[in-house]
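Scroll down for the structure; my scribbles are underneath it.
Note that the chains are named A, B, C and D in the order they appear, and that numbering of residues resets to 1 at the start of each chain.
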Amino acid sequence: MSGNTFGTLYCVTSFGESHGPAYGGVVDGCPPGLALSAEDIQKELDRRKPGASRHVTQRRESDTIEILSGIYEGKTTGTAIGFLVRNEDQRSKDYSKIAEKFRPGHADYTYWQKYGIRDARGGGRASARETVIRVAAGAIARKWLAERYGVSIRGYLAQVGPLAIPFRSWDDARSNAFFAADASMLPKLEQFMDELRASGDSCGARVNVVARGVPVGWGEPVYGRLDADIAGAMMSINAVKGVEIGAGFAAVAQKGSEHGDEMTPYGFVSNNNGGVLGGISTGQEVTVSIALKPTSSIRIPRRTIDVHATATEIETTGRHDPCVGLRATPIAEAMLACVLMDHALRHRAQCGDVVPPTRLG
Amino acid sequence: MSGNTFGTLYCVTSFGESHGPAYGGVVDGCPPGLALSAEDIQKELDRRKPGASRHVTQRRESDTIEILSGIYEGKTTGTAIGFLVRNEDQRSKDYSKIAEKFRPGHADYTYWQKYGIRDARGGGRASARETVIRVAAGAIARKWLAERYGVSIRGYLAQVGPLAIPFRSWDDARSNAFFAADASMLPKLEQFMDELRASGDSCGARVNVVARGVPVGWGEPVYGRLDADIAGAMMSINAVKGVEIGAGFAAVAQKGSEHGDEMTPYGFVSNNNGGVLGGISTGQEVTVSIALKPTSSIRIPRRTIDVHATATEIETTGRHDPCVGLRATPIAEAMLACVLMDHALRHRAQCGDVVPPTRLG
Amino acid sequence: MSGNTFGTLYCVTSFGESHGPAYGGVVDGCPPGLALSAEDIQKELDRRKPGASRHVTQRRESDTIEILSGIYEGKTTGTAIGFLVRNEDQRSKDYSKIAEKFRPGHADYTYWQKYGIRDARGGGRASARETVIRVAAGAIARKWLAERYGVSIRGYLAQVGPLAIPFRSWDDARSNAFFAADASMLPKLEQFMDELRASGDSCGARVNVVARGVPVGWGEPVYGRLDADIAGAMMSINAVKGVEIGAGFAAVAQKGSEHGDEMTPYGFVSNNNGGVLGGISTGQEVTVSIALKPTSSIRIPRRTIDVHATATEIETTGRHDPCVGLRATPIAEAMLACVLMDHALRHRAQCGDVVPPTRLG
Amino acid sequence: MSGNTFGTLYCVTSFGESHGPAYGGVVDGCPPGLALSAEDIQKELDRRKPGASRHVTQRRESDTIEILSGIYEGKTTGTAIGFLVRNEDQRSKDYSKIAEKFRPGHADYTYWQKYGIRDARGGGRASARETVIRVAAGAIARKWLAERYGVSIRGYLAQVGPLAIPFRSWDDARSNAFFAADASMLPKLEQFMDELRASGDSCGARVNVVARGVPVGWGEPVYGRLDADIAGAMMSINAVKGVEIGAGFAAVAQKGSEHGDEMTPYGFVSNNNGGVLGGISTGQEVTVSIALKPTSSIRIPRRTIDVHATATEIETTGRHDPCVGLRATPIAEAMLACVLMDHALRHRAQCGDVVPPTRLG
């Protein structure tokens, strides 16, 4: 395969380009008997949809899911679930001005070099619009994880540019288009984003994701570690440049007596390890944090080259998110859901007969 | 598979436990005709070997590689390269005192819960001694990458606990057992480590790795991104809790006009993206940074439980590295080498006929 | 994954059911720059289409391919090629009479037992209509193989029930809806099929497939043998019960002095090995033969059980092929094409630098 | 990977050459808690060992298994099981006379062309001695399958050259070095083999394998069919040229009313399908038949070429089995065991929660 499929047992295949007729996905390996409707998926797609506020791209897409297979009388059959999301609002002409130039920080240069072909319309396959497939696949995974194991997966926007947003409550995170977990930060956020948009520039962001209810024992040692698969999945999201599990980079300055989470009969005392030890889940919350770089398509002129390797300048005036991180929360949640579901299935394949020894309270 | 194999075309399989007779590895997919001797591998194993200074574990292991297949008359044949590294200095009795207790921050609890079985001797399969296989596999990869594409892969220790170590030169990084790229920091480092060891505690570290000479075009889009595979490989190293590519988490606070690397006919002006755009190499240096947590086996007493879930205390008095990061540089280099080689092969499989368009200076 | 994807580098994913809205496929790993139009695929789909003669199912399907991604300005881009084939002529009510019974020889019983769910409409996912996706994926593979390596893949119907059909010419095989390579057999074939249909029974068939122009060196030793992958791919076609390479089962009664193909500077003297030695192509024709069982849906009453495990009888009166083998030739060709393309890519990944030693004339 | 690993969840990796120091294997994915000793594996290796009668190669190999990992206190731990079988009786000089020539029907020509390198000693990686690893991996699989599901896997030699050997009893099959299931055939077999050996020629064989006790539901539809994986695994055995499931090629001449196995509340009435429908096990015996070609190394002079593509003659006088089929029974059993175990794990991963509907018998 060439990068368009991921997962070992819960397997997601994706196709589609930003300015083609549709994106499509195939989920293979979902257990049979899961009650699943288009609405179950649609509600997650709606969380990631463009146009939810003035701070994100104004491209008008309903992002309507069309399920083509794998469901019979409202339940999964165990066979491949195929689905489409049509593109409805392509404006390829937006790209005519930059069709021969490369955007600094964008994938159009590397795609062109790798494949020898350039689809200049909206980033082609490199467009972050592909994440619609991830969110759909994640919606199925999170439903199964919730019903079968009681796992819940939630995320929030933890920082936008220089602006850190503390965690106050999950209710807050659900209540606004920023996924900010402290609603009192919203005025500051709005102001920051308005100024950013006016400046024609873009900014980075940090998103945190947490899975609660993951049983102890998921993950495979050595190369198939749960955290290794999470790191790979997160880094595969457009614009992600860093991944942390638990204490992450803060662990560098910690001592062992501080970092190592003590245990009592009632559970772990802390969670520096982010719910994973030796690549296997501990039963605590799995905590992940990701860094997203600033959008590369900005209105500020930048030095670049064209397809003839001639020096030139570029300004990008299409409809772009000034901060891709604002819409990344549902995507990161979805990727975590897919990895956890994959490992749930892998674990019961090998260890389905293990009688769990005494567990913590 | 259950976590003991990684790679798509350059494929590494590993087995062995800390207190069993041997570790073994199988490298599948190496191109034929590569001149390869045991010495080529041994010199890399020697860089990671225990006992190189008083600051690392005093377990006495020669870590001698024994190649069993895949080489004929000094060249790789294209078939599987099998090899062994014998364990020579097991002291299983060191573990008798803690055989029924769990070390905070260690994998022994999760292995026990996952598999229902406990091998208390030296961490069993969870021991970082497994990284000997990674380094051997990486030695083969880096030799091929160097000869075929001129790629060089180097790393250095960038931080130990609170002590940041600036990069001064690769010569410095090669000249000391710490892999510190600024030799003038050595006295401070020695002192810090001596105090740490005396305190019975451990600390975290940061290691940076750089691959120079990677051509533009390696990596697959969407889920098979070069940086995604790097992130997964790095997070699979024992004790790693965070991975960054290029600017990493610093990208959160950057503006697009600052982060996006401008291009000129002579090359990129900066390298915030760490040599990867859209999951595909740009031709710049690939730059990776990892966070390693403090060793979990420390002499300081800590609260924990035993196999009956009863509250107890634990002190670990075996031979342990007080800072696993000190020996992590060759391991991180090896993992980067394996991922790059895998993608070199994957790229030429699909794109072997692409005539590269005009490239940057 | 759960069986809906195959291939290592040329990777085909399939979804869809006989009575759902559409079948869909994703081809991942196709090299960029291949000229590819819907017509290239359509012409192969038309060869397998139902309704081509009175001897096959009368279900009316145009089997129109709709390409959704992976092609830009008439060429493959190197990204995933997604496509749909809509179902147009479902008659689910045909199945109402047998919705609670199991057809002897059919997969409906095993699907029901495996998944605990029964989609009685037309075989659901087990329907041979899924092969439309294989033929589409094969059409892309054979185009690339022909253009890049001059490989041609052709097949013919070698036996229908008791009626052996000798090979006379490829022209003959192309000239009739049976894919019979001896047109003089057509009257006998027509008569046999008319009688079979009148009797309400079905029959088996043998199909032979030949790939010409395969270079020496494709295939991986041991478990990844070219012939092993061909055998797996062929046996995965609905109704196939046997696979032979070269002399196949005739090799049992051969002596070594008869079977082993002698070599001269001008080439091999014979081809008992079917173009594969040690799992690697020899440069000769790759010859494959498959056995297809009789269709299980017949009008003759048969003993069976219902979903309550009660004894009953069943007659199947829907629109079914009385001999699935009649339409199997393009499907077997397609599977051979996909396997060969996969190995072409795998070979150049590992052995792209091998300078071929002296070859045979 | 490049062909040296097989299986999705029960994963076998193999290395070693006929005249190197050792063969080695890694089994990844075995469930923890299986009681496993070296003897469990050794007894299967002894069934395949050379030198068991005058009719097979006289190479003296004890084929002693050395387990290096994955077992603790007599039980599998769930981590990778690594093992070695040392080569003890290499006679590389046997090959000096043919070092520059190619044996008709042998893989030495294709390996040389593929890899550009020739290891003339005893077939190198292409030697059937590699099957020792398959038998070891199969020994673990069959033990688990027997204990966990009551599955038993047995095989017998069904034909040698022109001599068909009927099935009389499993006791007979166990009682002689030929694995002949009718002991009354032994005098004829002995005579045939003596004459064959005297003539310097070799012959083909057919081996049948049967798995009893396989539950209904194993196997994945479409490309991951149980029978597809069996066919691939069988065709990957050295010298195999054909595979049949159930009626196999006899199905070509059958009518649907004869082939389709009728069902009653007490079970299936016949087993033409060989225990697999739609790629999923039916609960009946899984029946497989394979064709093995005659050994290519014979004493009779044959036309061939040398490494300079010059015409020459070759006679092979080393120690070779005149009929590789005589030792193939344990190998075929082992491959079937590995595939079944893989599918047992895959099935419970996806369908572990399915409550089986009413079953037959």
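Definition applied: a contact is a pair of C-beta atoms (placed from the backbone, for glycine too) under 8 Å apart; a residue touches a chain by one contact, two chains touch by 3 or more.
Since we're looking at a predicted model, the values are computed, not measured.
Where touching is counted per the definition, the chains common to chain C and chain D are A, B. Chain pair C-D has a twin interface among A-C, A-B or A-D; that twin, with over half of the contact pairs alike by residue number, is A-B.
Relative to chain A, the chain whose mean Cα position lies farthest away is D. Across B-D and B-C, it is B-D that has more C-beta pairs touching.
With each centre defined as the average position of its C-alpha atoms, the distance from chain B to chain D rounds to 38 Å.
Centres computed as Cα averages put chain A at a distance of 26 Å from chain B.
Averaging C-alpha coordinates per chain places the centre of chain B 45 Å away from that of chain C. Residues of chain B in contact with at least two other chains: 1-5, 8-9, 14, 29, 32-33, 78-80, 114-116, 125, 221-222, 346, 350-351, 354.
Chain C makes touch with chain A in their complex at residues 1-5, 7-9, 11, 13-17, 20-24, 26, 28-29, 32-33, 68-70, 72, 75, 77-82, 84, 114-117, 119, 124-125. By the touch criterion stated above, chain B contacts chain A in their complex at residues 1-6, 12, 14, 102-116, 125-126, 130, 159, 161-162, 201-206, 216-225, 227-236, 238, 241-265, 269, 272-274, 276-283, 291-296, 298, 300, 302-305, 307-311, 325, 346-347, 350-351, 354-360. In the complex of the two chains, the chain D residues touching chain A come out as 8-9, 29-33, 78-80, 148, 221-222, 345-346, 348-354.
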